[in-house]
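Below is one structure, written out as structure tokens, with a few remarks after it.
Chain naming follows the written order as A, B, C and D, and within any one chain the residues start at number 1.
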Amino acid sequence: MADIDVRMDQVSKQFAEVTAVDELTLEIDRGEFFSLLGPSGCGKTTTLRMIGGFEEPSRGRIYLGGKDVTTMAPYRRNVNTVFQSYALFPHLTVFDNVAFGLRRKKVQKTEVGRRVGDALRLVDLPGFERRKPSQLSGGQQQRVALARALVNEPQVLLLDEPLGALDLKLRKQMQLELKRIQNEVGITFLYVTHDQDEAMTMSNRIAVMRHGRIEQIGAPEDVYEAPATEFVAGFLGASNLLDGEVKDSDGSRATIRLRTGDAITVPAERLDGPERKVKVGVRPEKIKLEQDSEPLAGGWNAIEGTLRMATYVGVSHQFTIDGPGDRPLTVYAQNLGAETIPAPGQRVRLVWRPEHTFVVRPSEPLADWEEET
Amino acid sequence: MADIDVRMDQVSKQFAEVTAVDELTLEIDRGEFFSLLGPSGCGKTTTLRMIGGFEEPSRGRIYLGGKDVTTMAPYRRNVNTVFQSYALFPHLTVFDNVAFGLRRKKVQKTEVGRRVGDALRLVDLPGFERRKPSQLSGGQQQRVALARALVNEPQVLLLDEPLGALDLKLRKQMQLELKRIQNEVGITFLYVTHDQDEAMTMSNRIAVMRHGRIEQIGAPEDVYEAPATEFVAGFLGASNLLDGEVKDSDGSRATIRLRTGDAITVPAERLDGPERKVKVGVRPEKIKLEQDSEPLAGGWNAIEGTLRMATYVGVSHQFTIDGPGDRPLTVYAQNLGAETIPAPGQRVRLVWRPEHTFVVRPSEPLADWEEET
Amino acid sequence: MVLPGGAWLFVFFLVPILFLASVSLQTGNIFDGFRLTWHFRNYVDAVQLYHVQFLRSLRYASIATAVTIVVSYPLAYWIAFRGGRHKTTFLFLLLLPFFVSFVIRTLAWQFILADDGIVLGPLKRWHLLPQSFHVLATSTAVIAGIAYNFLPFMALPLYVSLERIDRSVVEAAQDLYANKLEVFRRVIFPLSIPGVFAGVLLTFVPAMGDYVNASILGGTKTTMIGNIIQLEYLTNFHYPIAAALSFILMAVLLLGIFVYARVLGTRSIEEYV
Amino acid sequence: MVLPGGAWLFVFFLVPILFLASVSLQTGNIFDGFRLTWHFRNYVDAVQLYHVQFLRSLRYASIATAVTIVVSYPLAYWIAFRGGRHKTTFLFLLLLPFFVSFVIRTLAWQFILADDGIVLGPLKRWHLLPQSFHVLATSTAVIAGIAYNFLPFMALPLYVSLERIDRSVVEAAQDLYANKLEVFRRVIFPLSIPGVFAGVLLTFVPAMGDYVNASILGGTKTTMIGNIIQLEYLTNFHYPIAAALSFILMAVLLLGIFVYARVLGTRSIEEYV
């Protein structure tokens, strides 16, 4: 079993009337890239701040490397944070910013110079030592913030939506860079984000949070391909959910009958409870669009619908289809350049493999404020 | 021929030492959804502001519906703008915000009430009349800004990165909504953005700008599949460019020899000049990854490389490959759930059809400031 | 914090006020000493004797405040919207005269406006003005002096409120068919109202209590309540009357401030402190 | 704008200054009138006669400014960082005493600190203090008065500069192993320096020219240059000497401001106007 770097044991945090974090229990392994993913207000940042020491839990204990740090002051904890706003010291140069933590720890002067140099090389900013933060672009400030935290070689690096202020191209580039840096330094990264692509691209494991609780925890593939709840399914991408009822189930396969009468086959292990009313879903890239005149291949799930809209987005085509009961369904098809695009209004058949079908527990609908960043 | 709503004739704008817009000539048809796409500082917003009347061109003429408006004050022009910051009047209610333009035009009181109601229904905000902007979420403010402009039924609606402040999910939703609204009202939309997906999803035509000039103009498919310059190729997505030299060319096909010796076939019409040194490219979703032991299908382009990294992003897998001369190449494969993923370090073959190969004019590399939003 | 905060208010606000209140209810004279006799009659006397000066102060302060608005609004507007890169330089130049001490400034003006001073002297000598014409010792001189001296207290909050107006909101109004006048009336002015409110507060309160302008630029017919308090206190040694007058003035001002803050919902004050 | 801006400075800044300069070079007396005789000797006389008061003013203003920093920094700090939702209420309470007129405030203090006043009277009667003990007419009283009266000019810019410090920068320092003292020394204090600079400017300049505190709370040994100017002008009618003194004072202050602004690179002033 791997060493555990961060352990939270039934941690709750109450702000006046609001429960920001609710009985959260979590273990993060040494060297892991772990993401807390969720909409704004889900408690992910509060969780991070409790580990950093900026908030004290109302209940529960927090352990870093086995040591109880629940009430320890931030400056005594061997963790460092990359803040969303970067929080660089505006009156200090890049060098002095990065050296700040080392100097507080009374590291020797020559050692400071060497380690700051290494950290700036790691984030690809050598030669920027004497600039002030205001003379840097957003992406460069982000790198300085990263260097300033990493130079201290913390046990855990906490990252609070560090890429949120960057534009799309730069964000994608920094995602790869962050992953590279984490591989290089081998430090445990705890990453907070509301961007599902970001979390999936970089993480070893993801915890999807909502209303202060973890809804699902697992590898990106597991969370994406087999979401446990309606909320997780919807938060990680388009999910094409349909209401149905469990009809019968043998050892390996179960049949679910939709309201419209179509029968959908799912792997039996995806049914995790005795409920008969369920929601089944399938990811849009798993669906093949066929003309409804083609013969139906055996062993595939199939439903029919009418194409409402086809959108060209370069790498792919996105189709919106009015499915059974006029429910809108989404299908993605890679833009291979050879496909024939059906025209809006045409009847189409959507087929996918039973093993790509998932079954979720229903969630309350998203509140207004959850849309906001 | 369609009516022309906006015509710019060799328009330039000089700010002190900087040429923001350089001899720009442009025609936008009535009812078109036209996007100006480019990095920040490319002159797209200045172009929009000149059409809105907030900047006066240094040289050239601007026509709206055939009428010369080059020096006309903004309040006399029959265009309306949706500002990036929304620019709602903070002291007025939603109703008064939307009614502002109608009242200035002395529209009758009952008519104002009716049209404001219609506009709020169009943007899906009925019942919000008496709120103040500060009581609305970002997405709602954006809708009010849209309603406030559309209610005046302008000849052209100018949109200056209106979705820039929204988060990803909301942005995607508003893109579809904007497209729907434009279909419904039939007004010409001139849309400014630095987000290539946004431009491609919504537009009839796109003008890609850089350094105050238009680099390419055309339908999203044309600009994406056959970019004219290296800059356009890179700005609209990953482009996998390789240096080569034109070897020979018959009527329909030309052969380009790469530095590494591989021969690439391209449609002859893609060569638009006598240069022999060219760059050829292919979009990452057009490439199939094969084991290099498989037999090579005839008529396809093929190069070999080593897989460096495979990234899971839910809907697709992204592969980074060290290609000929260790040039990094990108390949996307839709996550169909049935593919076998090659392991990093493995030798792979990248194959694609000649008709998906494009040839571009080289551009200067991106400057630092062009990365910023 | 309740304790140090309370101590602060107690020592620097309540003690002076309570002390004033106590003195204002005493009787006696400077030779025999004063005793607290709860002599509320002092207030009646103060009002009977000096209500003219009190109302005059109210009038002068109100007019001077109005004048500062009229004068400093265009200045603040121009600097905020047209100042460009030199905004702060302009603002500095605007405020430069006020870095010079209050009294020196006012004295210089007295020199200049004197009956045979640099302005009126030549005009009278050349018979462009009657010999009897004078500026000093008129209410105009006092009001102008007050307005001049308190101008920065109006100009600064106005500038801040105008400067804070989002430029794109102004452009949105232009875009929505508002001409220059309408842009100002419908958007810029309403959004600058917090600045006007703050400026009125900062100008009116000290103007009410001022006595330097009236004593240097004014005459016997322009005495303000501040002069009376000083006179009763420092010259006549009528401490109880002086205290009663101070107390009334302070009460009126504090009441005014509270009502005013109430009306604004404290919002605009909060924005400017 | 060059024109109206220039006109503004001309009328409200240059005219008074030039007029003062002219008066300061005249000779004559109040009965025979004054004439411009380029009598530079007035400056020599002014300095010879009153350099003591001038240096005293410098000293008092410097000490008072230092006192306001020491007193208001903790107050501003506490309100900015610990005030929470009630920040503006605390700030309002802090400033409340200063909404009361300058003179009334100072008079109340004179009442309180008088030799047989509410504080010293009982202490002396109970023989806790010698009969000869007094507070009024000492330099301590004058400096304390100045510091008290100009406190808001220091507290406000300090508050603004502290309030503007990004909280996450403070957290970053804590995160990077800085304890409370180091967080203050390395981050908060350096970032509040613009506020200190602005506060010094706004406190020192009026303190130098002040005469109300010295005349109400002080005695003959605490006369400041402001009192001298007033005396020479209003009582002795030595206009040229008064003008020369004013001119020297103004020149010293303006020179000081410019040097100061230069050192700061005008940045911190810009941030606070």
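As a working rule, contacts are C-beta pairs under 8 Å (C-beta built on N, C-alpha and C of every residue); 3 or more make two chains touch, one makes a residue touch a chain.
The structure displayed is predicted, hence computed values, not measured ones.
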| request: Trace the shortest sequence of touching chains from subunit A to subunit D and report its length in steps. | output: 1
| request: Check every other chain and keep only those touching both subunit A and subunit C; list them. | output: B, D
| task | Return the distance between the CA-based centres of subunit B and subunit D, expressed in whole Å. | result | 59
| request: Return the distance between the CA-based centres of subunit B and subunit C, expressed in whole Å. | output: 58
| Using mean CA coordinates as chain centres, what's the subunit C-subunit D distance in Å? | 19
| field | subunit A-subunit B separation of Cα centroids, rounded to whole Å | value | 27
| Residues of subunit C whose C-beta touches two or more other chains | none
| request: For subunit B, write out the residues touching at least two other chains, lowest number first. | output: none
| Which word fits how the chains touch one another: line, ring, star, complete or other? | ring
| said: Please list each pair of chains that are touching. | reply: A-B, A-D, B-C, C-D
| query | In the complex formed with subunit B, which residues of subunit A make contact? | reply | 137-139, 166-170, 176, 194-197, 200-201, 220-221, 224-225, 236-237, 283-286, 309, 311-316, 332-338, 353, 355-356, 368-369, 371-373
| field | Interface residues, subunit D side, partner subunit C - complex | value | 1, 4-5, 8-9, 12-13, 15-17, 19-20, 23, 75, 78, 82, 88, 90-97, 99-105, 107-109, 111-112, 118, 148, 156, 159, 205-206, 208-211, 226, 229-230, 233-234, 239, 242-243, 246, 249-250, 253-254, 257, 266, 269-270, 273
| Residues of subunit A defined as touching subunit D within the complex | 52-54, 73-76, 79-81, 83-85, 87-91, 100-101, 104-105, 148-149, 152
| Contact residues on subunit D for subunit A in the complex? | 166, 168-169, 171-179, 182, 186-187, 190-191
